[in-house]
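In order of appearance the chains are A, B, C, D and E, and numbering begins at 1 in each one.
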């Protein structure tokens, strides 16, 4: 019944759809810029409050080397922190789902740790790990860790009770139940969490750079804030946000590639 | 068939369970304190790096009035920011689910806004709102907004396709579909999001107090950092974390009260 | 010779449905054709997978035919659906898990501009009719499979659609309950004059209930023949013991077997 | 007189099940008693909601009786379950939506210490047996209701449990397919000597397949009587045309009606 | 109470002061003037809005939420002006910047030359000051190992850095060091910057001069009073802001007074346009002006100082 021409057609339609989505996203961001420009012009917002997008655009072009060379450290910290935080969160979530007691005892501890302000832990981390990548990755990990923990704990429990009974009758081990059922049931929650974590890990990396660093977009942001280099400040934030948006979007893309069996809701 | 004695029995069992859960949670937090104590003692950590829990405990008792009087402003900011952020997020999520195009265009904008570091918007907020409650609530709202948006957008789409068909045949309006179906389907995602938001709003309120304040736990944290009052610093963080933990737990409690129809997974 | 043709409730004009999947296309329904009159009791009989559910879903505007035309009550299926003239008992009971049995039955009264509408029979009475008096407050997961299906039936009867589509509504019920509900359904049909399109796997049920039975074949789903059931109305269960009934059932069975 | 008693596969010793809900207790099964022999084909017949599914769930160690004892193959139900001696076809097909038809059938071979186990028939052959050759790659949501049920049947047959519990496995199938699968099931049962506990709403199906049929009544679920079906094996479909068959069916029907 | 000339029930004019940071001895004079009723004598009701690590006082003043701001250091004023913020400095409390480089006696930094090759811990705001120090003394940024840290002195204590930077009034931190710790202030290192700079919008400078003059007079009185009655002033400060540590602030008060009244000077608030020019030169050399460098009279005004000359001279 499989029909190559048809499959090709489906694929090309999907590609067109993806293209449209990207265009719409760009339109949205473009709209934001236009709105920004309009607000600045119409209300005559002083440049020292919000610079005009034209100035910031010029800064983006002029300082592109500076911005790019500072993007990499931040990107590395964010991605590494994202990985570490999510691996930890997923690991803990798996523990929690299999040992109710552990969940009840450790979840408050996780909440507790999560609420320690970064500014307060950063100095301790710097003392322990020095000022290299490590403390930044840890901070980015700490920030992206919690949403994933909460969501995945919930997701791993979002299993159809009938599927649980099926697995029980098949005498599946907890491990098998996990890999054959829970994992799939948790995917919507997991991907939501990863999207949240993608953005928070970028935030985490930026914040971490306030302490103990001399490179990265966070460092640029702080410096340009204190030096009143408003257009550089905005340019740095824009680069960071664009990176976060791409990171976020790539999680969405991975979700589409992984979850192939779902009935998609009609528009 | 209803049987009062039986209902009473079920209730009292539930109460016992809740009590046990609280005990386990306290045991978990207690374990954290013991671990802290052990690490400080065994590795002989200097007091100016990490104070011993005994000192911090004494500080908690000695400064209880100071801590409590500074808890309220932070709690108010956190709760107000939580409300505002979540109302906004849920509103946007509803828009996104009903207008796919809006989602595609505005989601990147939301990601974009989410990644703006607080330090960078702080000056603008101060220019516009001064240093009163408003900028703090806005910052807490900004921080708690995003996870809810992501989760609720996903949750509102997590509707059984058959239920969608049912509502379509009943010619239900989008509004009815929302209130009769989507809302319920999204609850697991919503409550996960609210749990995440509960903790982030506390973080947000703490960080917001960096923007200038003369009260609040965030103020105490800055103040005690400036004064190098390490045990007061830790005591303030502990009070903030305890508040966040309670906030988190009360969302869990509300979830239990709202979601009465679910089959609970056996332990 | 002049015949006053009865108005058409559902006209399926050479419809085909092709589903596309990642692996290729599946022809679910091929060039199906029939006209169902207003007030008719029309059944679909055919092997599993021959497109019966798909057919009902076309009529309810849940699936668009890839070929051919559908009209319902003289207009487009989507219009009839929006005018709330279509009722549907799904093959799976499709109850909302957060609503009790009673609340599930009340659902149609709360949506689609039907707020405050009074149903001919109250939701409680309908639950009693399907044998669920006393279980109004139970949530779906506390009900047995057959009970859930009965709740779905009660839900479909709580408003009075012009066209009622029923997809194996009695499949999970024991014969006694099924017989009883068969009779009740016939009574309601006669009293209200609604059009019923009924999918079943039971030949006896098809003969007992219907005025006409469409026999289908699978791979792809095709109409094989439409059989008239000239048994007089009102019918009672004992009609099944008549020779005419047995003969019709045997004829349908042969039709199904493709003989 | 010495009778060598056949060993017991399932012993249900005066079991009762009471569910507690927020609103009170529901007595689903009241003092049910029967012993099912190894190798027996035993059916449960009874009105919707009388506790048939609950009974199977007790045997499979999915529900604990609130009263009475259950033993399966001489030990506890939980032990039998853990030894993977129990197979279950659920009333709802319960397929995993992220697995294709074939992958769903393969599931039992991948779990429970069965990794790499060879089934007597390959998953592909079993899908072909239930008429789904060519649809191996389809996901559950792309299949019709009856097709999903057939995948679930194939899944239950892919390993060879000692005790097979089947909850209305053919409920969503047309008569032709059902007849065919009835015959296949009987063949498999005879060849392998497994014990089958079978829930059905079709009296004819119960008589055709079973050696004994338990007739139950509802509110609360109680055993009314156990009826022997002395038709000789192997049986073929035409046994249904015999007078003995018709008589047995009528007897069961009267039993169900409580006469 | 920032708009126009709101007066309260006692007929006093409400004035808000945006502090540069959390209130501490940097506002010793103002708090004293409040306590002693000096502002009241001038017809003002002054209240202090605390700042914080992420508060830029110029934003608060430009946004109209406060009437007068206190800037941490002169660059925050002239960089803000170069960005177009319509503000001007009219008084300076600390004649040199109480920002210092602190080291331990066994590894001391006494002169700029000593800092070469050292690991220097600076907080985010201080990086630029360190850069200025290096540039002014002919060194490159790469001659030191810069580590940005949070405000705590811990890294110096644990040996992770050789030099810690901060305000000399941060007694809470500094008291952790051994008694004989080594201090090198910015001024000693050849970077002449002002600190605790009072500024207002150009508009208030035009339309509200009397208020600013009154404020300056009363503040000067406050600072003089605090100099003479330091113990009393610190006590009052610490009881008003109860999270301050009175002992630490007492030590810090002595230090800050040395910056406000250097070398027995008997004048409060003076500032020199030439010095402003010099400071901007430094920043210009560092390439920190994105926009055209403003002229001095855009950055500061001596009018208030001149009009309040008498009140700003000690009455000893």
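Operating definition for what follows: a contact is a pair of C-beta atoms (placed from the backbone, for glycine too) under 8 Å apart; a residue touches a chain by one contact, two chains touch by 3 or more.
Quick caveat: nothing in here was measured; it's all calculated off a predicted structure.
Graph distance from chain C to chain E, where chains that touch are one step apart, equals 2. Counting hops only between chains that touch, chain D reaches chain E in a minimum of 2.
Chains A-B form the pair with the most C-beta pairs in contact. Averaged C-alpha coordinates put the centre of chain A at 40 Å from the centre of chain E. Per-chain Cα centroids separate chain B from chain D by 49 Å. Averaged C-alpha coordinates give centres for chain C and chain D that are 28 Å from one another. Among the residues of chain E, those touching two or more other chains are numbered 53, 56, 62, 150, 152, 154, 158.
Chain B has residues 1, 49, 119, 123-124, 127, 161, 210, 225, 263 in contact with two or more other chains. Residue numbers of chain D whose C-beta contacts span two or more other chains: 23, 26, 92, 139, 141.
Within the complex, the chain E residues that touch chain B are 18, 21-24, 49-56, 59-60, 62-63, 65-66, 150-154, 157-158, 170, 172-173, 175-176, 241-245, 248. By the touch rule above, chain D contacts chain C in their complex via residues 19, 21, 23, 26, 45-49, 53, 91-92, 131, 137-139, 142-147, 150, 167-168, 171-178, 201-203, 253, 256-257.
Those residues of chain A that touch chain E in the complex are listed here as 46-49, 119, 122-123, 126-127, 130-131, 210-214, 219, 222-223, 225-232. Those residues of chain A that touch chain B in the shared complex are 21, 24-25, 27-29, 31-32, 49-50, 100-101, 104-109, 111-117, 119-120, 124, 127, 146-147, 150-151, 154, 157-159, 161, 164, 188-189, 191-192, 195-196, 199, 202-203, 206-207, 210, 218, 221-222, 225, 233, 237, 240-242, 244-245, 248-249, 263, 265, 267. On the side of chain D, the complex with chain A involves touching residues 57, 60-62, 81-84, 86-88, 90, 92, 94, 96-99, 107-108, 110-113, 134, 139, 141.
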